[in-house]
Structure formats: C-alpha cells, structure tokens
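Order of writing sets the chain letters: A, B, C and D. Residues in each chain are counted from 1.
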C-alpha cells in the first residue's frame, strides 16, 4: 500500500461527497491541526512513561489509531491538492536535517540546530 | 517507497543521534503539533484562493513541502513508537467515516456527521 | 490593566497598520494556533520537571513570555472581532465545568468528565 | 475583573480537585493547544466571510465562547504556574512588534517582518 494508493482512496471518498469545494489548502491545514488537537487531548495529562503504555488500553489504542489516521488523511489530502510528493519531500528534508544535525554535534541532545553545542552561531 | 521504508529511514536517523530518549509518544505529539503550527503560519493570512496558488511561489513551495515533510516525519515516528500500522489505521478510519458520512446525506455539506441534515440525533 | 484595555491597545496597533482586512475570525484562529505551535516547540522535548524550571533560563524565559503574549494577543483579537466578553465567557465556562467535574468525583483524577469513576455513562 | 482575579478563580477550582499535580507547564501547553484544536474545528470549513457571521447562530456562538474560554483558562493557568505577568508580557511584546512592524512599512501587508517590502534583510 503506497502513499499514492491511500491518496487515491481519499480522493474518491471526497469526490463521492462533493467535498472538493471545502478542501482548499487553507481549510485542510485547519483540519489537520484540529485533528492534531484531538491527538493532543489523549496525551495531555499522561506522563511520558504513561504515554509509552497508551496502547495497552484497548479503548485508548483505538482512539490513538483513529486520530493518527485522521492526521494522516488530511496530510495526504493537503499533499494531493498541493501536488507535493510527500515521500520525496520527506527524503529531501531528511537530507537537510542531516546537515543541520551532524551526528557528532547532535548526539544525545535535544537542542535546536542553531543552539547545538559546538555549532558556531550563524 | 512505502510507509515502512520511510519509517526505517527515520528510525536510523534517530538512532544515529541517540534521540530515542526524547521520542516518547507524548513528546512526539507535541513535535507534530508544533510542526502543524509552522504549516499554519504559512497559510494563516492567505485567502482560500491564495492558498490554492501557494506552490506557484518557489520560496513558499519549498517551505510548504518542508513543513509537510516535518509533520509526516513525526507522524511516522509516532506510529512507529506506538506500533500502529498507519495504512491499516487509515483504511479502518475510512470505513468508519463511510458509515458516519453516507453519500446521500453528506453530499455537498461540511456539517459534522452528528449534524447532517436527515440524520436523526443520536 | 483590564482585558478591555489590552484589547484597545491591540485594536489601535492593528488599525494603524490597516490590518483589519486580515483579521477575520478564521484567520485569527489560525494565528492563535500557530503561536500555540511556537509555545509547544519550547516545551516539546522537556520533561514535565524541566518544564517547571523553564523560567530559570533567561533566554527561555523571554521566549516563553513572548509566546504567551502572542497567544493572548490573538485570543484578545478574536474575542474583540467576535464581540465575545472573555471574562464573562470564562466565568460561564467555570460554572459549567463545576457541574461536569464535581469535587467528590474529580478529585485527584485527570479523567475526562464522561469517564469519571462513579459517573454513570450518559 | 482583572487577569489576576480570573487566575485566582482558576487556582481555587484546581486546588479543590487536587489537580495541581497534572498542571505542569508542559501539560498545560498541551491542554492549551488541544483547546485551540477544538476552536479550529468550528472554523475549519467556514469561509472567512462565514467566520465573521459565526456568532449569529446561537449554538455556534455558545461553542465559540466556550472554546475561547477554554483557551483563556489554560493560558491563565500557564502564566500562573510559570509566574509570568501576562499583561506585562503583552505590553512588552507590543513594544517589540511596533519595532518589527513600523507603520510605514507594514501598512496593508500581511508579510512577516523579515519579508516586509522596504526592509533590508537581516
């Protein structure tokens, strides 16, 4: 199952309901962040450790999978409408991030690339 | 390029930097929504029409692709850490949504499923 | 300094720049969530304990204060444009929440009101 | 009704339920963005024009007021826990923004300060 396959399924779902009129990139960005908010609600009061165990509760596990799916759905729709190749965009971003976060400087730290110890300020 | 392939690339990127310690589901949800915020910033003042044309500006196009990639990266990491099969989760959600939004009731309306005209209130 | 005073300052700031044209409620909601994303970025990799100490770093303290101010600014603008009395809305919501979360059922638990132990399912 | 008054009411509400244990800044940031997501959901499919009329529907008006109140509540809690003076933070940010967005350069444009026409690149 490829990204393009999933996008095709969503495209049909939307077309069958005549929803293209609502799927401007602006609206889809809002829908994506609204789903991100629902995902956040599941995790907001959990400790990091509890968040690692969230899938052991069947009700929470279904909620988490559904919210991940909702975020993915709007992300795929956005990329489809904007004609962005998501896999290519991700590969390109990984390459950029490998430069911003060289392994010797970034190992074991969560600092932003501009604040990495050993990195001269731009 | 499958979802699993992309997750494998990200897993290596993270392991090479000893970043697994930061990638609790709770933290990854926050990183996902922070990237959603950066995506939102690009679109916040655009009209819906302007949002359709955003990729015609090369600088904005790169920014959009990078932010979509960032959202995808954290979504893939989340699913990987939580051991959720994203493609399966999406197929399952599409099936649920087909029930919530039957084509005859949902066509041409952006109403929430519980508010669809013709839908009796639960 | 009242909420209305702060809204007045923001209204002048916007008027002096002829920015009312961009401040539809839809756009302001996006701006609010984009600022929420910047706030999230500061906290995403911190442990809960580290998040309690964030203001002890002067650089982070300024960043946090600036992001809180940005969220507040767009919240005040939204309420102003929508003519919602924020203080009254909050008092009303606190009253509703006191019913949803009675102290005897809600004490010491982060469960959602519909899942409170002792609460019959609606 | 001052910001400090509202914070006092929320502090009592939280203390009566023994919820301080959940209100780390990290968790409160997540709660704030989750509420921002609910606010976004109301507006996501509206046109900018429709968003201006949202309060004319009594059901939507109540929803909007409730969500604005929820965002405000977590913003006030965050500032309280972090001991940030919100009004002072906002005044300070307005002063910074007045420098970043001089009226002669910023009038009538939604460009980011670093992209303002007439602004030399930093």
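Criterion: contacts are C-beta pairs under 8 Å (C-beta built on N, C-alpha and C of every residue); 3 or more make two chains touch, one makes a residue touch a chain.
The model shown is predicted, which means the values in this text are computed figures rather than measured ones.
In summary, the chains found to touch both chain B and chain C are A, D.
In summary, the pair chain B and chain D forms a contact in which both copies contribute largely the same residue numbers, shared numbers making up over half of all those used. Averaging Cα coordinates per chain places chain A and chain B 4 Å apart. For this pair, chain A with chain C, the centres built from the Cα atoms lie 23 Å apart. Touching of two or more other chains is recorded for residues 22, 26-27, 29-30, 33, 36-37, 40, 43, 45, 47-48, 110 of chain B.
Chain contacts here are complete: no pair of chains fails to touch. Put simply, chain C touches chain B in their complex at residues 22, 27, 30-31, 33-38, 40-41, 43-45. Interface residues of chain C, counted against chain D in their complex, comprise 1-3, 6, 9-10, 13, 16-19, 21-22, 24-27, 29-30, 32-33, 36-37, 39-40, 42-43, 46-52, 54-55, 64-66, 68-73, 75, 78-79, 81-84, 86-87, 89-94, 96-98, 101, 103, 106-108, 110.
The touching residues of chain B, counted against chain D in their complex, run 26, 29-30, 33, 45, 47-48, 110.
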